[in-house]
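Two complexes, one shared chain (chain A), two partners (chain B, chain C).
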Partner chain A sequence: MQKTMENKAIICRELTKEFGDFKAVDRISFEVNQGEIFGFLGANGAGKTTAMRILCGLSYPSSGEATVAGFDVYKQQEQIKKNIGYMSQKFSLYDNLTTLENIEFYGGVYGLSRPEIKERSAQLVHTLGLEKEVKKLVGDLPLGWKQKLAFSVAIFHRPKIVFLDEPTGGVDPITRRQFWDMIYEAAASGITVFVTTHYMDEAEYCHRISVMVDGRVEAIDSPANLKARFHTDSMDEVFYQLARGAKRTAD
Partner chain B sequence: MKVLGFLLQKEFRQIFRDKTILAMMFAMPIIQLIIMPLAANFEVKNVNLVYVDHDHSSLSQKLVHKIASSGYFKLVATPSSYGSAMTFIEVGDADLVLEIPAGFEKNLVREGSQRINLSVDAINGTKSVIGGGYLQAVIKDFNRALDLNIKLATTASTNTAAAISVDTVNWYNPRAEYKYYMVPGILVLLLTLIGGFITALNIVREKEIGTIEQINVTPVQKWQFILGKLVPFWIVGMIVFTLGLIVMYLVYGIFPKGSIALLYLFAAVYLVALLGLGLLISTFADTQLQAMFVAFFFMMIFMLMCGFFTSIDSMPDWAKQLSGLTPVTHFITVVRLIVLKGSGFADVKTELGWLLGFALALNGLAIFNYRKTT
Partner chain C sequence: MKLLFVFIRKEFYHVFRDRRTLLILFGLPIVQIILFGYALSSEVKNIGIAIQDNAHDIHTAQITEKIQSSSYFKLQPAVSNYADIEQQFKNGSIKCALVFPVNFGADLLRTGGAQIQLIADASDPNTATTLTNYLQSIINSYQQQLNPNAKISYEIIPETRQLYNEEQNGSLNFVPGVIALIFMIVSTALTSVAVVREKELGTMEILLVSPLKPVMVLIAKAIPYLVLSLINFVVILVLSVFLLKVEIKGSVALLFAESILFIITCLALGLLISNVTASQQTAMLISMMGMMLPTLILTGFMFPLENMPVLFQLISHVIPSRYYYIIIKNVMLKGLGFGYVWKETLVLAFMTVSLLAIALRKFKTRLA
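Entry: the complex of A and B
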């Protein structure tokens, strides 16, 4: 049992989250391999964010099992939290702190030492080309910069898995492209990427994707296989065919 | 401990970056402490009096002079009829009407007694009751002098009736000046506002922005997060308290009679209790508006029940008990005891017990109720 878990970053079995009568997440099962870029697709209100919050240890499941980085989502949330990075839909760096101060804070919170933080942040600022912005308040940066910075902060402590909840919402195509370059770099360095998105071109960048409809995972495979299965050459079409049957209205 | 260091650093950076909050925390309490005691004064002065004299005798003139020279009353008018005097009360220009009937002097001298009429506008309760009381005291005094004059003249006997006269000494506040009573109280209330509101709003703000979720997804432990919020505002509170003591000394010349260390010990524990309340509120509220209203609700109860505006001894029993259940009551009592009376530790140790109890209970509940995973 433990052996098979080791090369799986995430394992979900019949994972369910109910709010009263409403099943936000309905018996979903899937596995994510280490180092994989896993696209977690679904219409608004399909239950993606709820599922992701459970996997991040922010919310208790109602039933089913799941392990993240080998740790149980019921009992070992704090262990999970040490091993993951998370970038939520809402921009969650501190607007009234500077770029460097934000990096320093989140690095420190994850237990990095000050010399480590200093070294890595210098490197990060250089890679991002943010040398001129380090002393600026994060609130004054343009959105594209903010998102790239938020992602960099989420993987600053070198987690095993990073969860990205619609990381490119509202970002221009060029920045989105740069953002995905960063995701690829992270995956190349061994970080498993679990990402939700509404952009189907981004779905194509993923190794494998799952599509959620009304709380259930309706399909899970590589983009190429899915397109073959639905006899189409666009991911948009795959998504339409799957999501058309949805009964829930968007939130 | 290392993680706590990062949390504190971040909090202080944010506090010192937000100039409005900074001003609210430090400048406002000081300005309020300088202004409020001058205005918030329970002493009743300038009671507006209308005097209706139907007698026009030397005795009635003497009475009005005595009243006017007491310093508490302002003679608004001296109309000739009670009806026109009442119009002054109706439009709000007068608080009291004193009516002297015709034959006042004659009856006093002949019969040895005379009734006069006092009408009071009871809308402003404090002013009318206290003003009426002052007026009666003045008349009583006038009466006694009258007794001597008339009785000595009419009766041959020289042994005056035995009377108990009371001389009052105001201990701990010899001149019964309100500032000695008010200033320490106001200092406590300002500290209460800062402690109760700022932590609650600060954490709920992080909820609103969404940064708290980012914190909850990190391995930060509950106690680290809560201490990271408590310590900065505790320090801010202690600085405000110190500034308050300085203002109290420089502006009002009040220097604590008792031990300053003891005063700080109480302030320290009290702030922990209050910050705990703020934390507890923040665990329930989702928006700053909610937090504001809940905090305000408690603040109102605290202020009205703490014995600052009204004496706790004159409250009904249930209110007395409720008053004992608000931390402010205990702190205000102690601050007055230490500052004015110079009480030592032995005199106030039960109050310390109360405050420690509040601090433990409120923070315990807050920690219990704060969830990183929902």
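Entry: the complex of A and C
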């Protein structure tokens, strides 16, 4: 048992979150392997955000069990937070800080030492080709660069798992493609990627996806298997067939 | 500790790169001090006065001269009838007028009693009262001059002293109020906006997901504004002492300690506001309308609390700046020690602790 726990980045068993009578998350169970790119799909209001908040150590479940990077969501929120990275659709960089200052700030928040920050930021700036923009305010960077920078910052402290909440909102298709290249690189280096998205072409890039409907995980498999199961060759169709039974209205 | 430092440094970047914030932070105190110190002076100086002298004798001449030599009044060209006086009241060149009747001097000597008419523009009642008082005291002093040896069987001579402010320096009253006001603006408004801005940007989410403890986020947000408020405090004190000639009579250390307490009260208020609002505009509006107006009106620095309806007097008891205003006034202007302000300090401390507790609780419940 202990052995398998170590290989799994995330384990959820019967995880439930209730707000009064309302079951935002209704007994969901799934596992995410280390180094896997796991797509977390669902219509608005299906309970994705609530589930993700629990996994990020931001709120407590009502019942069920879950571990993230081997840490318990009830008792070890602090440990979870140290071992995950997070990026939201807002990209969440400080506009009136320069590129380097943003990197230094987030590095500092995660407790990296000064030499570590220095070394890694130099490396990061080089990889992203941002040498000329280091001293520029982030507010002046194009959206696509901001997004790449936000992702790099989210994995700057080398977390075990990175949570991406609709990370490609409002970004053009080419940049989105490049962004996914970065995700693959991160996954190849051993970081588990947990990503929510509304773009079905992106769902295809994931190793496995789960689809949430009305607080429940209705399907979980690789994109190819899901398409085979629903006798279709498009993920759109898979998603539509699963989600159309939803009773909840989007929030 | 290192985390806190990283965070605080970031906050300072924000402050120093935002012109709007900088302007509010350092422009406002200076403007306010100058405005309240000079423009909004309640002192009576160089007030236009017209004299209609129908008697033209030695007594009227001497009284006129006395008025002219006083710094309160500025004598306008003599007038000969009431229509002229009224005209001057209307165009604003005078705020009061003095009318000597025909035979003023003769009546005074022959019958031992003469009449004189004082007319004041009472559209501003306070000033009108002050002016007539000044005029009466000038006339009274002339009267005494006339009878140096007169034997009055019973005489009461009031010996008035204006305690704590012998020179009647009007800035004295404003400075403590302005200090309270500025802390309200800098600490409450700017802090609430700073926190809400992170919510709007989405960076708050990232901070909450990070290992930073929520308390740390709040502390890190508050400390820069505490420091900046203290710098402001020094600026205001320096301006007051050198520009407005306000003398600090009490202990400067006590002033600082009390100010730090009040700044923390304001910061707690700001954090509380930021927890219940979602946009920078709302936060600004609540801070400005909800905090500044009561500070302006209900602390007693612009309008005496004692004259207000009971309801407002009651409300004023929950306004933190009211207590701070009393403390600062007592320490700075009267030179009193902690023994005289401990009650107000206690109230303020209690308010601060409660506000902080509520702010923290709100911040945490939002996470659950």
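Convention: the second predicted complex is superposed on the first by the 251 of 251 C-alpha atoms of A that agree within 3 Å, B and C clash if a C-alpha of one lies under 4 Å from a C-alpha of the other, contacts with A are read in each partner's own complex, and residues count from 1 in each chain.
Keep this in mind: contacts are C-beta pairs under 8 Å (C-beta built on N, C-alpha and C of every residue); 3 or more make two chains touch, one makes a residue touch a chain.
Note that the coordinates shown come from a computational prediction; the quantities given were computed from them, not determined experimentally.
Chemist: Do chain B and chain C fit side by side on chain A in the superposed arrangement, or is it a clash?
Modeler: clash
Chemist: Quick check for you: in the superposed arrangement, does A:243 touch first (chain B), second (chain C), both or neither?
Modeler: A:243 contacts neither chain B nor chain C.
Chemist: Look at A:134 in the shared chain and tell me whether it touches chain B only, chain C only, both, or neither; answer first, second, both or neither.
Modeler: A:134: touches no partner chain.
Chemist: Under the stated touch criterion, which partner chain does A:91 make contact with: chain B (first), chain C (second), both, or neither?
Modeler: Touch status of A:91: both partners.
Chemist: Check the residue A:182 against both partner chains and state whether it touches chain B (first), chain C (second), both, or neither.
Modeler: A:182: touches no partner chain.
Chemist: Contact-wise, after the overlay, does A:57 reach chain B, chain C, both or neither (first, second, both, neither)?
Modeler: In the superposed model, A:57 contacts both chain B and chain C.
Chemist: For A:122, is the partner it touches chain B (first), chain C (second), both, or none of the two (neither)?
Modeler: After superposition on chain A, A:122 lies in contact with neither partner.
Chemist: Touch check for A:11: first (chain B), second (chain C), both, or neither?
Modeler: Touch partners of A:11: none, neither chain B nor chain C.
Chemist: If I apply the document's touch criterion, which positions on chain A are contacted by chain B in one structure and by chain C in the other?
Modeler: Common interface on chain A, chain B vs chain C: 56-60, 78, 81-82, 84, 86, 88, 90-97, 101, 104-106, 108-111.
Chemist: Considering only the defined contacts, which chain B positions touch chain A in the complex?
Modeler: Residues in contact with chain A: 2-3, 5-7, 9-10, 13-14, 17-18, 209-211, 213-221, 372-374.
Chemist: In their complex, what parts of chain A are in touch with chain C?
Modeler: The contact residues of chain A facing chain C are 56-60, 78, 81-82, 84, 86-97, 101, 104-106, 108-111, 137, 163.
Chemist: State the interface residues of chain C toward chain A in the complex, per the touch definition above.
Modeler: Counting only chain C, the residues touching chain A are 2-3, 6-7, 10, 13-14, 17-18, 201-203, 205-212, 367-368.
Chemist: For the complex, give me every residue of chain A touching chain B.
Modeler: These residues of chain A touch chain B: 56-60, 77-78, 81-82, 84, 86, 88, 90-97, 101, 104-106, 108-111, 113.
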